[in-house]
Amino acid sequence: MGELTSYRLSEIGEANCRIWGRYSGKLDPLALFWTGSGIEWNVQASELWVDVETDYDCHEQWMSVLVNGAHVSRQMLPKGRSEICLFRNMNSQETKTIRLMKDVQAMSDDERACFLIHGVRTDGTFHPVEPRAYKFEFIGDSITSGEGTIGAKKEWDWISMFFSSVHDYATLVSEACGAECHIISQSGWGTLTGWDNDPRHALPLYYEKVCGLLKGERNLAYGAGEDYDFSKWQPDAVIVNLGTNDMSAFDQPEWRDDKTGQTFKQHKDEDGSLIKEDAERFEQAVVGFLGKLRTYNPKAHLVWTYGMLGSPLLRLIEHAVLTYRAQTGDENVAFVLLPDTTSESVGSREHPGKKSHEAAAQVLTNYLKAYLAAK
Amino acid sequence: MGELTSYRLSEIGEANCRIWGRYSGKLDPLALFWTGSGIEWNVQASELWVDVETDYDCHEQWMSVLVNGAHVSRQMLPKGRSEICLFRNMNSQETKTIRLMKDVQAMSDDERACFLIHGVRTDGTFHPVEPRAYKFEFIGDSITSGEGTIGAKKEWDWISMFFSSVHDYATLVSEACGAECHIISQSGWGTLTGWDNDPRHALPLYYEKVCGLLKGERNLAYGAGEDYDFSKWQPDAVIVNLGTNDMSAFDQPEWRDDKTGQTFKQHKDEDGSLIKEDAERFEQAVVGFLGKLRTYNPKAHLVWTYGMLGSPLLRLIEHAVLTYRAQTGDENVAFVLLPDTTSESVGSREHPGKKSHEAAAQVLTNYLKAYLAAK
Amino acid sequence: MGELTSYRLSEIGEANCRIWGRYSGKLDPLALFWTGSGIEWNVQASELWVDVETDYDCHEQWMSVLVNGAHVSRQMLPKGRSEICLFRNMNSQETKTIRLMKDVQAMSDDERACFLIHGVRTDGTFHPVEPRAYKFEFIGDSITSGEGTIGAKKEWDWISMFFSSVHDYATLVSEACGAECHIISQSGWGTLTGWDNDPRHALPLYYEKVCGLLKGERNLAYGAGEDYDFSKWQPDAVIVNLGTNDMSAFDQPEWRDDKTGQTFKQHKDEDGSLIKEDAERFEQAVVGFLGKLRTYNPKAHLVWTYGMLGSPLLRLIEHAVLTYRAQTGDENVAFVLLPDTTSESVGSREHPGKKSHEAAAQVLTNYLKAYLAAK
Amino acid sequence: MGELTSYRLSEIGEANCRIWGRYSGKLDPLALFWTGSGIEWNVQASELWVDVETDYDCHEQWMSVLVNGAHVSRQMLPKGRSEICLFRNMNSQETKTIRLMKDVQAMSDDERACFLIHGVRTDGTFHPVEPRAYKFEFIGDSITSGEGTIGAKKEWDWISMFFSSVHDYATLVSEACGAECHIISQSGWGTLTGWDNDPRHALPLYYEKVCGLLKGERNLAYGAGEDYDFSKWQPDAVIVNLGTNDMSAFDQPEWRDDKTGQTFKQHKDEDGSLIKEDAERFEQAVVGFLGKLRTYNPKAHLVWTYGMLGSPLLRLIEHAVLTYRAQTGDENVAFVLLPDTTSESVGSREHPGKKSHEAAAQVLTNYLKAYLAAK
């Protein structure tokens, strides 16, 4: 082991860093917003430490580390700034691929929540990171946030510990296809409203921003609220997995904003079927979001997926996807049903567990590989 | 064991028989044309014999027997008429469900090929057969004929032995969904042409007939060439699995009819891409077939599937399905990609093996269950 | 296809036939006694028919056919003599390995039960059959007879249909190790007594004969009762799977021979534990059988296995094996526990199903491969 | 979340702590020596922090945390004393089972290596920990240390990161059987010598001590070198998995102690077979160790296992086990072969990976469950 030297990320250089997840473009520090965000290096060294900083009111940060693709650690991060050793005592002649992942989703209701990477300390040198063959963007709710992929089946606490992007179908699909990925996700949110009819909890509203659903001065200072520069990273496919919370809204009471008195509610008929106008405004939300996705991702294959927690809206979503297609003439869009979660594959918090994410990833990987290989 | 009595099928009565597969409506004898065709009884008896007759020039018939849903026998049938014991020595008080399956596809090039059921001999009585919850029709090529689902991987002979409908995805999906099924399939055939550019080898050409691709006086006498009466058995879903041979045609030499001098050929460009006009006439064949299917099956969900032997035409087929939808306003149609066959899941004759059919069946079962459950 | 010629087995020649299972040494006809018995050829032909003869009072014969190792047919055989086509229409230049298996155990209570192979008819020629690397003999009860490896879970009829040696662990282990195998088995029988305390139903009593538990003039005429010539086929391992019925005897009423008045009974104490003397006479039966096996198989590795239907006698059997070892100094003997059958792996008649046999085969294959590779 | 209060372990009380692994009997602090060592609480709280201290010259410590049996974190521990949050923000009314595991083996060549637990800080209360149904002690080498169960296949560094007791067969067997376990293991060590012929690297030499292979003042101060009090925790089974390094010694050069000039070497003949005297002294080491194990564990079932990295010594070990049995009359001992590692199941450092440990655990679980259930 040689002498350790400290580097800021800008000193390592963008060519030697793969940034996972949307970011503001600033490196010193790098603010990680979304789950699955992180940084990857090819480093020839015997030892590597990372200088991180986190904060929160309520929901602490968790970090996973992958060494040469293997998941070797996952830990709750202390509040404040700390230096954490990612590896030590390794062969200094060998180049390792080290990937550090934010394992918890952006927490929209915790204004202080943040995760910053200030730099590293190492005895080695960094080598360039080659772009992967494909780029995928995943957009979804708690399923895509990997909620429930870790923890005992009996758990019901809604806490950071039980979120993990490592076991998430988005990560599994990306690894299987050799793709880089961005994940845009929020537990409880939907296409038109959140699970509780709250119309502010619709992911399309925030799509143009780096991480528009985050609040708080610091997150704003690090660029969460800025317009995202789509030109930097144009995905080959955008995979949306929304609808599960839109369905819940039909069964939940009316949402009411105490300040403004504004209300919202998706309704069912007395016979339990969805009221036509409400079904249609959900469909319009799907159509509208596809249009927005196309605006910002002109060449991407758009794929709407659904079904990991049941599929009552299957026909509506299929119809909406094809309505978008018919209205726009945009043919580069498809719907893929994902397998439902079973008693065997369920995880904590009655959410899809690892086996469910693996099954979904297999179907989606098959589809994306075939689609991208076809002419 | 009591005295055995002989019955013609009409004596057993239609209410006590489930006929699998399209048939002409005549029972004495029952002519089985398509693979997966057969008959099923609920019989309270200790012993049951079936009186069958087969013929062929080249391709002999094989029969599988399922006792209470378990596949207990599969055998090559002798040429001519014979009486075969399906079970004996069983508890005469128990009612068994006995299903006899034709395990080999309709053989369009063997005019003498036929499989007739004349009746049974038993010491017991027959009980009514309840309709299953769903009805599915599957239309395809060698994949749907179960070619390669049985036999050693090294086999290359194109013989009846290596066809089996028992292990076919169509049968697996139907069992998993609690559905009755009809299979319409022919090895080497396609949507527009056969694998060899022969335009007569397109399944849509024969769809209206009971089993229009069969020739020979006897098959005609048993009704193979008659118009099929679609009103008797309206499917909930029609699943098409064609395209694999349409792709082959692009790589095969021109077909030429020696008698008429007629020729046909699908072309590739010098760079290996499909020539636009030829791709379009394939797409038109897909669109046209969907229209024909809708004509005869007004309420069925139409599902075009593809991919078990690669998916180079994926985008064309998706496009054609959506073109049909746009042109007709018929929304009750979808495309589902099936998983490709791997070195692990391949069977004999480089065709999908049992594991490949199981994987395909899982994806298709997920889709159909979810679709049929959604509103 | 050329002209078909008939051959008796002696005309094919022993070098061109692999005989599976113990037989009397006579070929014209070959009488198959035990389950898994059969014959195998390497035949270069387009077509092959076999001339078989069966008889029975009660339990009909079933035959399985393997083509190049793949199980392509299984059928109930007609009573009397018949000619059955094993394959036709195949490439006449290719040599196929064809194996015909008796799929039903020797039926000790059916004096007329027999299965004879008289010869074949083919257009081809036979090539020599190479000996396999190992020879294994399996000795057991219904488990080793493959009872329950086929048929629906709900079946309770004790009939030939639900026996199969193809799916039997003995066959699976032999295939996995590249071994020839003989199976000596009888449903309901044990080491000391049958399940019902009948002391005549102990497999060791008949071990020296070709198939000593068969009765009836014809079976005797074909050599079932003759001394078996152990010198012809010395196994590398003898695997015993007995004990399950010996345990049942402790829970069953006394056996009584109505003719002689002889009685027998294994007893439990009032607290449910085995009475010491009865446990000991079971152990002595194990010790004695091991001694007999050694006498006839001087170099074989003796392996007592147990556990596929529970293992209450585990300690007694382990103790007996080691007592044999201590008393004789014979170290070439071992005990291997097999995995128990679960609700997932159970077959028909509450017996081990295919999955259970596969699990047992894996453990036993591991053991035998490791033992035979070690010095 | 209430006010947090600090507790030393003695304040929590032994009845409220399950100590995993051998320890000196002292709680303040608790020194964890062997891999899989740790502590478990049933704590009704919203938040829990642990106060740990580690040190090392070379090999850092790793800790895993299980919450209600689920493995939620694994992390490299900082050198020195630190407070680490195990959970926070949970439902304060629910009682959680929290288990903290030392994930790295005792490091015999790192005198400063230590892992101490000083206490906790929490807002909740501790409830009694019920003893598990069984107690198992596992004794082995790198396999039993879980070396290679984590990390990429390509890894070759011998570092703490690639050791894990969580995925170890010893842990898996214990969970499946509902057993507490102690693990006594050291990478590279054997029964008679280490892999390099070093006769000091034999686990039997240190069996009587708490953790006799550790050196250094601090470890001694915490009791590593004390006689272990076997009376506190008598195992139902002691499972030894040694022999793999004893075999390596036959292929390695002579060991030589530079200080004393002492040498040691296990030899092969010119034909590659083991020299008889050397094979015998290995066998005597096995016999001797079994005797020692019996001395300290009078009622335990002794099980020698072997085979996860090949089994060339299978016959020698089987023979040695039975020699011990014959010489002593002690019948409570058995040999169980474990499945070999394959290219599918291998992990990092060419050691058994997770799948290999799972396969071994299944065989051993079957055996132990059956043995413990039998009379």
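We just call them A, B, C and D in the order they show up, numbering each chain from 1.
FYI, a residue touches a chain if its C-beta (ideal position, glycine included) is under 8 Å from a C-beta of that chain, and two chains touch if they have at least 3 such contacts.
Bear in mind the structure is a predicted one, so any value in this text is a computation, not a measurement.
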Angle of rotation relating chain B to chain D [CA atoms, steps of 5 degrees]: 180
Farthest chain (mean CA position) relative to chain A: C
Distance from chain C to chain A - Cα centre to Cα centre, in angstrom: 58
Chain centre separation (chain A, chain B; CA means) in Å: 43
Chain B-chain C separation of Cα centroids, rounded to whole Å: 39
Residue numbers of chain B (touch at least two other chains): none
Topology of the chain contact graph, where touching chains are joined (line, ring, star, complete, other): ring
Every chain pair meeting the contact rule: A-B, A-D, B-C, C-D
Chain A-touching residues of chain B, taken from the complex the two chains share: 273-274, 307, 311-315, 318-319, 322, 325-326, 331, 334-337, 339-340, 362-363, 366-367, 370-371, 373-375
Parts of chain A lying in touch with chain D, wherever the complex brings them together: 58-60, 62, 67-70, 72-76, 78, 84-85, 87-91, 94, 150-152, 154-157, 159-162, 348
